[in-house]
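Two complexes are shown next, each including subunit A; its partner changes from subunit B in the first to subunit C in the second.
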Partner chain A sequence: MTTRHAHAAARGASGPAARREAARQQALLRVLFAAQPAPAPLPELGVRQRDQRWSAGLAAYRGNGLEHAVAALRAQFPTVLAMLGEAPFDALCARYWYAYPPQQGDLARIGAEFPVCIAAQDELRPWPWLADSARLDRARWEVLFEAPSPLAVQDLQRLAECDSACLQLCLAPGTRLLETRWPVFRLWQLHQAPNIDGAALRAALRQPAAPLWIWRADMQAQCREISANEVDWLRALATGTRLDQALDAAAADFDVAAWLQAAVQHGWIDGVRAWPEASATSR
Partner chain B sequence: MNKYQILSVAAASLIAAGGLAAVPAAHAASMEKCFGIATAGHNDCAGISGLHSCKGQATAYYIPGDFRVVPTGTCEKMGGVDMAQAKAIMNKTSKVVAFEAKVQAKANWQG
Partner chain C sequence: MLIESTARAGIGLRQPHYREFRARRPAVGFVEVHSENFFNPHDAAAQVLAAVRAEYAVSLHGVGLALGSACGLDDEHLDRLTALVARTDPLRVSDHACFARASWAGRGTVHANDLLPVAFTRGSLAVFVANVQHVQERLRRPILVENLSAYLDFAERDFSEPGFFAELARRSGCGLLLDVNNLMVNALNAGADDAQAAVCAWLDELARRAPPDLVGEIHLAGHSRQHELVIDDHSCVVSAPVWSAYAHALRCFGPRPTLIEWDTSLPTLDVLLDEAAHAQDLLDAEAHARRAGNAMRATHAAAECAS
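Moving on to the complex of A and B:
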């Protein structure tokens, strides 16, 4: 039960029992995330235990929630875990858990704000690439849970036959564009080895950064560095602009034919749709 | 030729070449339960382990009784098993240990 679920339960409750249960769950959330080490039990909880027995019970609930959070964040951010080591990572997870209480019922899906949380930690300032490494980890994890691309021959037919001012090329949900100041893809690669090469890491950090394109291929996340030209094109597509405007945003020497071939092969396109406000004018 | 004309020609060429046939896995529509591949916190639903009752509550990696829903035909490739096989593995502790080690090794190799 999370904050949003508790409120939703309260809104959707029809009978007195359901309303009581929603109120109980909201009260439980308030004490779980209360700033005090041992807040007094709220009356809505209906618990009889007091003092040490209440504190021990509350500690068990709090510990369980945090353990789930750490397990979920370890699974999502393996590179950050490898960079920080287990104890500092777990301590960071605890800060995150209390700074960003879960907003949905599936605790495995917490972590969206983890990169922001990392960037806000003064102690982590000496490693400014950590937040972007977390963004890459998160993007790689997120795409695995997105729906596969349903691109059909009809979509390609629209591209081949229709006016670009009447079309919108939609990127698949299982794709992410990551713009970064740090060579986080190279850092990610180096952290895949069981023994991390410090000299290679230092050398990698002296290399220029490149934007990254992440997508789901089969049941694995894939990533590659892309050019600034490709970024302009992808950024335009990601904003949901018309195809002719996206093409205008792309650099003159951007190879759109090669991109389309790769996009079809790797499932980067969700569909080619008619632009709702299309004016059917010249290309 | 402008960029849109290039794109149109490329699309027509892909249709002619049957380009969409090259992406079967990503377009798989049907899904199945795949046991033994869920990492901690990433199982789908209760499973048959009896260790928990909810999605996302697996506390260890590759428990044969926990499943994830995956596109049909991809389970075996990831080292997973179907429900009948999972039940057979769970009958004996030594089989569970051997199975978890096998999936872990496969995951390490793929990682």
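Moving on to the complex of A and C:
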């Protein structure tokens, strides 16, 4: 609870009766997210239902919450779903739901820890690229929640006119850098087809990994593999460093002009700020 | 032209119908959307909502505020809702009489993303009043709170359910989104001998206890029996007993904007529109009966004055 609302709650609902409700609600939530359903209601719940009626009521809530979570996770992680198949994916969702109960009332926001959950599953170890594929799915999902880049003409003028030691390039919020040990971009491409080509998958897995750059383009996520040189440059920009320092971080043969041209075209940057103004507003 | 919504029937607009709805522009009184599906101001759904809003009255119906949560509200969620309300200028804003959030040692605050039941106690009432007032202060408008279908309930209670809503409205200034199907589901799951009579008794008690304008909107939906319970799954047409109870609600509270909800096994748009047309027939019939009743009362009054 934030301080702002803690005050509001304290004004209206902090007496013993409200605290009793808080305890009841905590108890019900623990039952709902228990790995195994409770055979009988806890006394502090004070529910009227017993035996089969209790089990049926509890199952209705447990089933409903999980069903909605699975639908949300299927939308967020289509590549992982295609890799695992529906039943194993749904089983994974159930483990995730109980291990990482959501903290917000918007199912579009669950799933942040799904890649970590995948990495922790012993039976998924034979497919070590699954977690990074989930990270790619998640990045593609996240960028769609970010505002399109508002890069203005004066930003570009500033870039042409000012000393790079006085500027900062700000990456658009709808961009993500994903470093991976697996060729997840190629795997993602192969899983776009309705019938997945097993031979092509095996061949792809023998290919070297490449970092990925993900961005929002209009209403869709776009993605491409990038070079190690570009990663150095992007890492520097992502840390909010001065433009001259970011240029120093990039390799000598990295074509900054070409990158800037692409960045303007695709909305990868949302501002060119003067230093030290930039230091106060950098992300 | 903005299509008016006063005491008219509308439909819940869901993603599979977006394209067809916008192409056909059916004559419904209003459309209702789930608020959380439009929290992102930058996605395609936001564009659809803006286009629909230009031609229809829209009500925002939330599933995530968790107004009965004793740990308080999620201010980030409320911030997003406030921004959506500012963008949309909806006709009505509503959410459910449920809890979903609770603090959990070691895990912060957990949100079950479900409509979990509350006890009708003084403690719950105090929680609801504080939370509803907080929301209304942020949104700068009264909200409607919907009665739940509940699959578990609590032995401890200080109020009947209608009494709880009447008191919540009196103390917070909110209205009631009356879900008639939820009442039927609860009556069936409670094993009522005559579920329809039980629902009508609930409505009668609410009418006795509450101000006449408490009900700001009515929801109608289908339910299904799954194993031992009747589930409010919004998966089929409104049942005949729910239509009858709806007609009773209209007699109790007068014509009220009425929504056909359908969320599971979504049918064709025509099926939804047919259900809304039936609701509109009942709304029109009740409005006609009231006009006729008023005319008769006026005639009697005039006759008494003349004599």
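Worth pointing out:
Quick note on the criterion: the second predicted complex is superposed on the first by the 233 of 283 C-alpha atoms of A that agree within 3 Å, B and C clash if a C-alpha of one lies under 4 Å from a C-alpha of the other, contacts with A are read in each partner's own complex, and residues count from 1 in each chain.
By definition in this document, contacts are C-beta pairs under 8 Å (C-beta built on N, C-alpha and C of every residue); 3 or more make two chains touch, one makes a residue touch a chain.
Quantities reported herein were computed from a predicted structural model and do not represent experimental measurements.
In the overlay built on the shared chain, the residue A:219 is in contact with subunit B and with subunit C. In the superposed pair of complexes, A:244 makes contact with subunit B only, with no contact to subunit C. Contacts of A:15 after superposition on the shared chain: subunit C is touched, whereas subunit B is not.
Within the superposed three-chain model, A:30 lies in touch with subunit C and out of touch with subunit B [touch as defined at top]. Contact with both subunit B and subunit C is seen for A:68 once the two complexes are overlaid on the shared chain.
In the superposition on chain A, the chain among subunit B and subunit C reaching more residues of subunit A is C. Of the two partner chains placed by the overlay, neither subunit B nor subunit C lies in contact with A:111.
Contacts of A:153 after superposition on the shared chain: subunit B is touched, whereas subunit C is not.
On subunit A, the surface patch touched by subunit B in one complex and by subunit C in the other comprises residues 68, 106-108, 148, 219.
Of all the residues in subunit A, the ones that touch subunit B in their complex are 68, 71-72, 74-75, 106-109, 148-153, 156-157, 159-161, 164, 192, 216-220, 243-244, 247, 250, 254, 256-257, 260-261, 264-267, 283. Residues of subunit B touching subunit A in their complex: 2-12, 14-15, 19-20, 22-23, 25-28, 39-42, 55-57, 59, 70-71, 74, 78, 110-111. Put simply, subunit A touches subunit C in their complex at residues 1-2, 4-6, 8-9, 11-13, 15-22, 24-26, 28-30, 32-33, 45-49, 52-54, 56-58, 60-61, 64-65, 68-69, 101-108, 110, 144-148, 219. On the subunit C side of its complex with subunit A, the touching residues are 36, 39-44, 47, 63-66, 69-77, 80, 99-104, 107-114, 116, 118-119, 121-124, 126-127, 129-131, 133-134, 151-156, 226-229, 231.
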